Amino acid sequence: MTLSTATSSVRHAAFDLLENRVSRLPGSRLINRFIIALIVANGVAVVLESNPQLYVAYEDFLVAFDLFSVVIFTLEYLARLWAVSEHPRYHGMSAIRARVRYALTPLALVDLLAVAPYYLALFIQIDLRYLRLFRLLRLLKLSHYFDGLQVFATVLRREAGAIAGALMIMTVLVVISACLMFTLENAVLPGHFDSIAQAIWWAVVTLTTVGYGDVVPLTFGGKLLGIVIMLCGVGTMALPAGILAARFSEELHQRREVLLARIREALADGTLDPEEEASLEQLQQELAIPAGDLARMIRSQQAWQARHRYCPHCGSSLPP
Amino acid sequence: MTLSTATSSVRHAAFDLLENRVSRLPGSRLINRFIIALIVANGVAVVLESNPQLYVAYEDFLVAFDLFSVVIFTLEYLARLWAVSEHPRYHGMSAIRARVRYALTPLALVDLLAVAPYYLALFIQIDLRYLRLFRLLRLLKLSHYFDGLQVFATVLRREAGAIAGALMIMTVLVVISACLMFTLENAVLPGHFDSIAQAIWWAVVTLTTVGYGDVVPLTFGGKLLGIVIMLCGVGTMALPAGILAARFSEELHQRREVLLARIREALADGTLDPEEEASLEQLQQELAIPAGDLARMIRSQQAWQARHRYCPHCGSSLPP
Amino acid sequence: MTLSTATSSVRHAAFDLLENRVSRLPGSRLINRFIIALIVANGVAVVLESNPQLYVAYEDFLVAFDLFSVVIFTLEYLARLWAVSEHPRYHGMSAIRARVRYALTPLALVDLLAVAPYYLALFIQIDLRYLRLFRLLRLLKLSHYFDGLQVFATVLRREAGAIAGALMIMTVLVVISACLMFTLENAVLPGHFDSIAQAIWWAVVTLTTVGYGDVVPLTFGGKLLGIVIMLCGVGTMALPAGILAARFSEELHQRREVLLARIREALADGTLDPEEEASLEQLQQELAIPAGDLARMIRSQQAWQARHRYCPHCGSSLPP
Amino acid sequence: MTLSTATSSVRHAAFDLLENRVSRLPGSRLINRFIIALIVANGVAVVLESNPQLYVAYEDFLVAFDLFSVVIFTLEYLARLWAVSEHPRYHGMSAIRARVRYALTPLALVDLLAVAPYYLALFIQIDLRYLRLFRLLRLLKLSHYFDGLQVFATVLRREAGAIAGALMIMTVLVVISACLMFTLENAVLPGHFDSIAQAIWWAVVTLTTVGYGDVVPLTFGGKLLGIVIMLCGVGTMALPAGILAARFSEELHQRREVLLARIREALADGTLDPEEEASLEQLQQELAIPAGDLARMIRSQQAWQARHRYCPHCGSSLPP
């Protein structure tokens, strides 16, 4: 075995440990859990450090913990970068090109942002306050471990136009409500609602139904306008979230339909051979469907088949 | 009739009284209503006892009522445990094994928790305050009587991964919002937002749209950030509930589809014989669909059939 | 023409004027609009009367207006009661039995409640304050004129079990949250959260996301518990409304499907004869679908048919 | 080339620049972006002007900017009006009739309202305060550029009856809640909830879950009533938005189905000739579906076809 094949097989093992979800090695699970725990601990540390007493008391420990985290996260980032050329997605590319491609994905950028400020701070003076904020970005590394986020990102990207439109409508609604209220309240009670900026704060707080109560219309006209704005506006502001939830739910539904169609095809000959099973599992992972759901869907399809003769293509049963 | 057959038939009657929903004995309904009333009365008693004046005035009665409730609930727990070996789900198991299995289900654990603290307090000194909290757990015994909860639990279990992901996103959103707001507000107005803990309280109160108004950003920068957090964050926080509602609604829809498919099969020969009717009723109960809905679905299917010749398998009508 | 036929034809005209939606007489529209205006005016009058200055200034007018309203509403009630025997729903019953049946429907009871307190007050002394509240019930008479309410009522009735379950879960959630918070806050800060009743008020205000801010946890433990309650509870409380909205939307969808199936049948022979049209209109009214939607659905079905040869039963097109 | 043909071709170019979405000229994009930027800048200017200091400091610039905006928007309005006779929708009408028709569409009225107050103010004295409000209407010009709004408007128009019903229910709910609360609170604590108007303000603030906390029930009875109103009313108020979101999502779904059916027809012969592509693009624009979605749908349909023999009419695959 030459050096290059040895490297390649180590790299493949590293890839399996860090990224490959199909062949779940026992070590892979352990490493992933350790990194998740470290990310959460970093979040907790930032929150605790903001307490000056705690920071003074445990400064040495916290600094050491930060150094330890940066080392681990740096090693993780480099290992991912090095091993990613094994990813089937970059199949047929040169290793360098695969790595550059990967380094520009959002997930890899988040990994870089998680450690870069630490190294930057060695050269440039950065206010500790802002350095802490950057350390919070490490929490975003958690997105490696939640497949559902991928579905969410797909829906968001596909509905980007609709979301932009919704934010536009919201902004116009807020500005018009704020200007109307400013005109009414300020005209009757000078000093109250003393700028459109304050009226915008009121409008956002009201239309999102947060309703702090720190700024409230006092005049009869202002309250009347407020009632109209609340009754009409609150529903309008709730629409985008409702539509997005419906779209998201539909996306999940369609993904299950795609998997179900493939299960039907695989079971059309009455058996599920290992090759078909592997192909179903890969599809299940691409679609970010929980593994338990695949097993449940196969079982229920088999149960159905046992009771009926059915059309192998549309799934509707046939007369005996 | 030997003793063992007598025991067995008493046990079967007990099972029918307490658990069996299909053969609703007249006594079953009475017993269930009495226990529901007792559970509700226990909840009311805990609320009333918290008032020291009421507690002093009616102490004897309340203590007696508590003793009475514990006795009833203990008898109920033991009766359920004893009779459960008749449950079709545990068919073919030894009686002991069936009881151990049942004792570990969430419903049985709730029943145990409803009485265990009382007995524990006979041996160990427990603060009255906490003892009352445990008595509140008796309210959870109500879950025996609402079939809809079963559907809800199924959806929750199936979507556990999605819910965990949503809680993770929420937590990250809250922590990042809180740290940004803490940095901005505390830098300009020292003393305001004086810890990240307080900023987290603000972030949760704001992002859930509760909006008490006890902590509110005061600086221009803080309000600007607050506006961005409200406009973007509030929708994000509302998504999980929206998605869960859509899933829940879909689950209910699918259960009706399953029942409808079976109704079509049963009516394929034009009549509904008693055996088919019993099988439909059992399915209706397994699926936690209200009994009235089954009757309505059968009627509308029969009406449809009367007007059309139709394909007995997919339900679409055929040309004459 | 004998007297009885004359009575009968007058009664039929009265029925057409008041209740029949299909043969919309020109007078029917006018009468309905007048009654709607009178109902709204009654609502406005109750609100204005609550202002003592306005009441004193316009007492004579308001008393006269109330008398006028009661007379009109009484005549309307009696006319509806008298004419309802013409309703196709009560076809084949004796006139008396039809009227008793109608008098017990929710709509007729609302009509009765709208005037009964006035007559009752002539005999018994009723506090003016409560008399006004009863007059507000006249607003419910508006339900005669909104077909959508019928769909809403159908969904509510069909989902009554689910709604009862949801209210039960909400109540348990509220009581448990309240008792936990009472125990935590009251133990640390005696005097704060000084009864479970107050804690229940806090829990309802928080879990519905109203968030007045009049009662707020102050201790660290209380705030931590509050965060958990808000993050988990707020979504749970929003679920029932989300599910109900989904069900309602599905009911509307199904009603359209039923109408569409009938339109396809009617158009299967390529033409829409007047008899078919009348039957479609009646179905459209039974299903509470707007008349404009029926016209639109017929047009789009005809356009589709012009472009395709299609299966007259399932609507899928056929190969040429 | 005669003058009239020259005019006609210039007019056609103007139409292409301003309105035609299919043949996106490079200049069209530039002009649209410039106008969008100008609209947004006008919104910002109105907000900034409300600050007296800023207004005094930059008065000359702001007045000049307003003049500039009015000139551009007037030119835009006239150009659209002149060019609109080229629009396929008005094909076969005389140019004058097409322009009058267009001038009465909501979009054209918004364009007119954006500039008309400026010209009006040259003749009549209008309070600067209200003039500013009219200038805010320029923000509505943004609706030219968001296709999603068209879908939204369609849903709103189609569901107008349901929305009117929902607003009616809301109003009745608010008035009844307010009167009940007024009667309860005012009877026990005179001076508190001292008019139904204030009780209505409380009811709207509560039922929309805004919850400022400026008016809050204080008596035990008032709080009990408040709890009932919150638990039942809050869900009811959230229903209309939920139903509207579901309808909106269904409308988007149906539009995609229509496009998909046309894609299937176009691909039935296995190829997509340019004529079919143009017709699909036009449909995609009529339906306000993003262009990227059309491409994606065509690709996925082609991929499906490559794997299956399928029925060209219903899309279900056929046995080999």
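Letters A, B, C and D name the chains as they come in the text, with residue numbers starting at 1 for each one.
Here is the rule we go by: a contact is a pair of C-beta atoms (placed from the backbone, for glycine too) under 8 Å apart; a residue touches a chain by one contact, two chains touch by 3 or more.
Just so it is clear, the model here is predicted, and its values are computed rather than measured.
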Between A-B and A-C, the pair with more C-beta contacts: A-B
Same or different residue numbers at the chain C/chain D copy interface, by half rule: different
Centre-of-Cα separation between chain B and chain A, whole angstrom: 29
Centroid spacing, where centroids are CA-atom means, of chain A and chain C in whole angstrom: 41
Per-residue multi-chain contacts in chain A, two or more chains: 197, 200, 209-213, 238, 241-242, 245-246
Parts of chain D lying in touch with chain B, wherever the complex brings them together: 209-213
Residues on chain D engaged by chain A in the complex (per definition of touch): 43, 46-47, 50-51, 129-130, 132-133, 136, 139-140, 142, 146-149, 167, 170, 197, 200-201, 204-205, 208-214, 238, 240-242, 244-246, 248-249, 252-253, 290, 293, 316-319
Chain B to chain A touching residues, read off their complex: 158, 161-162, 164-166, 168-169, 172, 175-176, 179-180, 182-183, 187, 195-197, 200, 206, 209-213, 216, 220, 223, 226-227, 230-231, 234-236, 238-239, 241-243, 245-247, 250, 312-314
